[in-house]
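Labels for the chains are A, B, C, D and E, by order of writing; each one numbers its residues from 1.
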Amino acid sequence: MLLIALGIGVLAVVVSAILGPKKASRAKLMAYESGNDPEGGVGTGQRFPVHFYLVAMLFIVFDIETAFFYPLAVAYQKLIPFAFFEALTFVLLLLVGYYYILRKGVLEWA
Amino acid sequence: MVPTTYYIALSGILFALGMIGVLTRRTAIMVFLSVELMLNASNIALVAFARSWGDLTGQTAVFIVMTLAAAEVAIGLAIIIAIFRKRETTNVDDLATLKG
Amino acid sequence: MPDWIVQLLITLLKGVGVALGLLTTFAYMTLIERRLLARMQIRLGPNRVGPMGLLQPLADAIKSIFKEDLTVTLADKLVYTLAPIIAIGCALTAFGGLPAGPPGSLFGADPWVYNLDAGLLALLAITSMGVYGIFLGGWASGSKYPILGGLRSSAQMISYELGMGLSVLGLLMLVGSTSFHAITHWQANNGWMILFQLTAFVLFLISSFAETNRTPFDLPEAEQEIVAGYLTEYSAIKWALFQMAEYVNMITASAVMSTLFFGGYRGPEFLEGLIPGIASWPYIWLFIKIAAFLFLFIWVRATLPRLRYDQLMRFGWKLLLPVALANTVLTAGIIAFSTGRLRVWLLILLGVAGVALLIGFSDRVRVLWTAPTVRREDTNLTPARPTGGD
Amino acid sequence: MLQIPDVALAPMLPILIVLAGAVASTVLGFNLPRRALTIINLVMLVLSGVSMITLWNSGATAFGGGLQADNAAILLGLTILVGSIMTLLVSLDTAYRARVSFPEFDAMLMYAITGTLLIAFSGDLIVMLIGLEIMSLSGYVLATLQASRRAEESGLKYFLLGAVGSAILIYGIAFVYGATGSLTYAGIAAKASGLTPANVGILVGGSLLLLAGFAFKVALAPFHQWTPDVYSGAPTSVSLFLSTVVKVAAFAGMLRVFGGALADAPGWSSVLQILTAATLIIGNTAALFQRNFKRMLAYSAVAHTGFLAMCLLGTPQAGGAALGYYLLVYTLMTAAALAVVAALQRDEMGMEIDDLRGLYYRHPAYAVALAVCLASLAGLPPFAGFFGKYLAFQAAFQNGYVWISVLAALTSVAALIYYLRPGMLMFMPDRTPAREYPNGQRTPTNFAVVLGVLGVTVLGILPNIWYGWVQNPEIWKFLAGR
Amino acid sequence: MIHFMIFLPLLGSLLLLITPVRWREEVAGFFAAVTLGLGLAIWRAGGTELFSVNWVPSLGITYSVQLDGVSLTLSLVAAFMTLIAVLYASRRVANPGTMLALVLAMETGLLGIFAARDLILFYVFFEDALLPALLMLAIYGKSHRMRALVKFAAYTLFGSLLMLVSIIGVKSLGGSPTFALVDLIANPVTGPAQTWLYLGFLAAMAVKLPLWPLHAWLPDFHEQNHDSGVPDLMGTLYKVGGYGIFRFGIVLFPDASEELRPILMGLAAFTALYAAWIAFRQTNWKRLLAYAGLSHMGFVALGLFSLNETAVIGSMYLLAFQNVYTGALFLAVGMLQERVGSLDTRVGGVMNQAGALGGLTMALWFASIAVPGLAGFIGEFSILLGAYQVQPWITFVAGLTTIAAAVYALSAFQTTFWQGRPLGGIRVADLHSTEWLVLGLPLAVALFFGVYSAPALNLIQPAVRTVLAALGAN
């Protein structure tokens, strides 16, 4: 399936690359910066706001947490009530971290 | 049913690549990525062995290792960013304040 | 001809079928959307090309193929080209795992391309791969707005993925499996999941709006702020591919929601009383449900204004996430400590309460837990010279 | 097929108490001043120590042996707690001067301690791994927390090399699992003998990888390069923690794994003795050439790693006893020495060795305390360091590693010299103005110093106070759990 | 009582830290005197029985001490010389509190060394005596003391750590339950292992004898030390290598000591002669005395290694009493330096201004170069006598030393005390009250034991007999 899907994508690109006209000009190929001359480019150390890194890290942490939750959820009914307390402890510990980032203002987007 | 040795060979290759990366690359990010590669190599090995022994502890271990990897990513990126924002470089050789 | 080749061919056939189906749906979806929006805004939509503009999508397709395909000078060529392919690839792949009907209902073959025990997990994984497409696209354009747009949209997507992933946990606890078949069967026996997991459904719905960058969460393409976001530097077919990916994701999301919460390919069981076996007619039910959801998507677009970025993030992190966690834990508790009818009522109650909570806070979210407390250590954290004593 | 694991709270209690402290300082950090947190954590540590003592001889286990609170674990745990308490006491004073006076500092410290205790109590490679990682990750943060070039750099180095170490370790775990099909120490020990040749090969490979990974953690040469940079770059209270508690925990892990699980696995001991020899030589000779006192202590820590590793070369019974004694003594003397440094240093670079000249005439008490610590580190009787060294020699000697003992003896001559120089400089009168921080004498730090010095002296004159507990071979016979 | 004698000085030194400055000298003197008194009392009682208790039972380390025979003699001398040192230090050194404390602390170490009957205990005291010596050098030393310190400590530790290893070896290879001497003798190590262990043990003892290749720390140590010879005196007392070999070496490694006898005797003889030769070319009194002491130690070693009864008796005798006069000579040099402000041998003509100082110094010199009628003679003569029966030639070579000794001693003495006074040389005062005692008492002792050696011999002879009996033959 993945192959087919990607195949379609590639096909489309190739076809249009063949069929499409090629009349490039500097102005056309200039990156859009509201008319200013563009500067920088890929990998020329553009700085991202550090906030995005924070979000990424939080995502990693919480996503792993979700990943831990899935097996528990699937096996849940075979393990009650033990699994419930397990999950409770887990979530509580998670909430500690959540409270921390909350108070730290990581989730504030000014 | 692919024999276990193939998986082990694969993980070995991955691990070796990671090791080479650690030893040769000079930017912290690349070293760091190589380490992640090594971690995944051990994940593969764990899963393969778990299958060959037919018990699940290996698989659960993989979960743990994944978590460790994630935690390392979080902290490692934090440190690397902290340094990068201060001195515009993450080249390990440039970090020579502590000599001797 | 050995058996596995047959299997392979059939699978290929099904794959191509699904892909083409999705693409046509996408094409006409655009038309329908435009028409509907026009209708809702009391104007005529595109109606020139062909009868009622039915050929409009065709024209668009041809145009976008024959248009000049620009690659900005500052761009990273390979990634720039790769990004849309990744996007559309993930989008199309995701759909293939969803069963459109009971096994063997497709001329003896199964009406799905691939079937995994971890169906739901796999689907979430693949859809979240789509983030790469968008982010790489933005990054590879090598210009300010696309990067900002890419960053925004990836941040937004991963943030709402958490809500999405967490919201279905209660459902999984009830069903005890992540394969779509099991889920569908469970609903066939116990009634639609939306009864038991109303909150989860609402959360999932909102998250899928955010995931597909639809209004009110379409910040990545907020024209007023960052031109066209990650799409700024794209044109012609690549741009079209991104659009495709977005719409296909919409379709997939609708399909998933109908499968998870609305009984999947099975119709409502009470109809069995009128016409026996109607509930297990293949395809038709799923299509109806998908259509309904797609209409919802368009309707919302016509109705709701766009959120501000901070509101968006705050909503995701401060409302969705806690509510999803709470929903999970409470559901777990209910499952653990109650049985039979009591359990059902408790779950329904929980769902209503959750939705009430969401609605109640959704407006106050912008003042939710704002202004972090500043500690003394933070203020005079680094004295110029280490001075003695504290 | 799904059986519910046996969750016994009692063996977990010491760890849970410490964890509670960590969580408390994470959550309350926004409302309470840092000193309050530190005091709370001190109380927590003491409580956890008490709970450990109540567990003595109980041999309780939890999670199907995944967590075992046997006497070995308790002894090691108490050692860890002593080091941690001294760290907290020192940080109580110096954290502000070191510009790390955040609640996060305490939180990270407590998390790290949790990890170390997990290692000591581990009955399972995975539990050990989790503990090790919690410890290391918190350690990375601690080393970086101070906003200074040196600290960040040390943090990055620590992080990169530590991460490599963990990766190798994990790979080793995978191989050991592959060879024996089990992750619990007991299972491995049971299966380690009587394997097919192929599996024996895998086992040897795995144990060597494990050894390398641990070598990174405890700074055995040639994996020690990060040590001096990190210890001298990090704030002193942090390097105190890293050089005592973290090392103790890592050795606890090694003891568990190599003394218990892989006790009769072939191969690793012969490699370990080479590493030990290299460590002894490199650590001691490198320390000879240091000008900075803190850095010198860092190298001496490497050298002591060599001595500690000698204990592992012995039989688990003798070696475990020796290690149990030496670790406590090492913690006490190193912590006390670094505490003095923390009290006297002007900045986090510590002090040059020459700055110590004439310290005796400016701060007699600190000078004497430091001299005692140095003498003990050098292994001069009547201080406890002597018995530690003696036990290490004996352990290696009795297991047939005579040459290592002789080598250790020779290298510790070099050790004596570099301990002697600062030790003697302190007593040489000089006229130059004082170079240390004028008002560094604070009660908690002094308390830590007194604790260390008294401990070293008393344990030196009456070793039985601690060794009497440690020496019982029964304790170390079942490191892998029954 | 014996425990009092061992630990009383340490107690005193700790007390000194808290006693007011005004009383420090008196307190120190009191403790030193009491210690000596205890020693004499023990002597009257004819030594003590072996006292032994477990110290670290799990390691088989015992606290077993005994003062008899040789040990008692040496302890008495040590206590006596410590008293002298305290007397002089409290008069000479400005604000002597610290030094007195260190001297007393060191005395404990020395007495412990002599009394210990357990190898680990011996090691512990052996190291404990080191710390005060180092501190004395560090606090009161001269400009280049760091080098001397490092040398001194490095040599000592090099030896003693090897000794530690061989101590462990003796126990674990011999399979003895404890480190107590009796147990170790009960189950000895045999075969080549014994030789290796003996070498390890010897390393420490040879440093502390000192014996030729390992003596290099000695001159620097003495030269860099405080001008008043007090630390040097203690350092002289600290040369316990001979005793260690006698007490532990010979009995624990009989075969090895027989096997190595010729080599070791050769080394000893060479040490004696070589030291005398070097001493002859010294122009610094301290270095001169250092080498003189070294050459005496060569004699001691010669006697010991010959394993001949007469010789061993002689060497013990010499070991005991050379402390007296060598130490006293160091103090005399200290006085000289106090007067002329230099340690150089070429300040002439002190004699005609400070006759008493010169006279006493001369007398002590005679004792040191073994003039008959003084203690040194008996020791060296019996050493030569005994050793001659074992290794004539080596002994003959060593015999030359006596002549060399006479040469260097007299020449140095003559250049200092007789030759013409250099112009502008400051006026030199003669001995004061205490100094009479400080130089007189040791001389008296040397004289007494020179003419009437019975009391010492009665102590030494039986001990030596028992020890050599362990060897069986000769």
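We adopt the following convention: a residue touches a chain if its C-beta (ideal position, glycine included) is under 8 Å from a C-beta of that chain, and two chains touch if they have at least 3 such contacts.
Computed from a predicted structure; not experimentally measured.
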Mutual neighbours - chains that touch chain D and chain E alike: none
Identity of the chain that, by mean CA position, is farthest from chain E: C
Between A-D and A-B, the pair joined by more C-beta contacts: A-B
Distance-to-centre winner among chains (Cα means, whole assembly as reference): D
Where chain B and chain E are represented by their mean Cα positions, the distance between them in whole Å: 64
Approximate Å spacing (C-alpha centroids) for the pair chain B, chain D: 25
Distance between chain centroids, defined by C-alpha means - chain A, chain C (Å): 14
Inter-chain centre distance, chain A versus chain E - centres from mean C-alpha coordinates, in Å: 80
Residue list for chain D, restricted to those that touch at least two other chains: 30
Touching two or more other chains - residues of chain B: 71
Touching two or more other chains - residues of chain C: 373
Chain B contact footprint on chain D (complex, rising order): 126, 129-130, 133, 137, 140-141, 144, 149-150, 152-157, 159-160, 163-164, 166-168, 170-171, 173-175, 177-178, 181-183, 228-229, 232-233, 290, 292, 295
In the complex with chain D, residue positions of chain A that touch it: 75, 78-79, 82, 93, 96-97, 99-100, 103
Chain A-facing residues of chain C, complex: 11-12, 15-16, 18-19, 23, 64-76, 79, 81, 84-86, 88-93, 96, 113-114, 121, 139-145, 147, 151, 155, 158-159, 161-162, 165-166, 169-170, 172-173, 176-178, 227, 232-233, 236-238, 240-241, 309-310, 313-314, 317-318, 321-322, 325, 328-329, 332-333, 335-337, 369-373
Residues on chain D engaged by chain E in the complex (per definition of touch): 375, 380-382, 386-387, 390-391, 393-394, 397-398, 402, 405-406, 409-410, 412-413, 416-417, 420-421, 424-425, 427-429, 463-464, 467-468, 471
Sites on chain A touched by chain C in the complex: 1-2, 4-6, 8-10, 12-13, 15-17, 19-24, 26, 28-33, 38, 40-43, 46, 48-49, 52, 55-56, 58-59, 62-63, 66, 69-70, 73-78, 80-81, 83-84, 87-88, 91, 94-95, 98, 102-105, 107-110
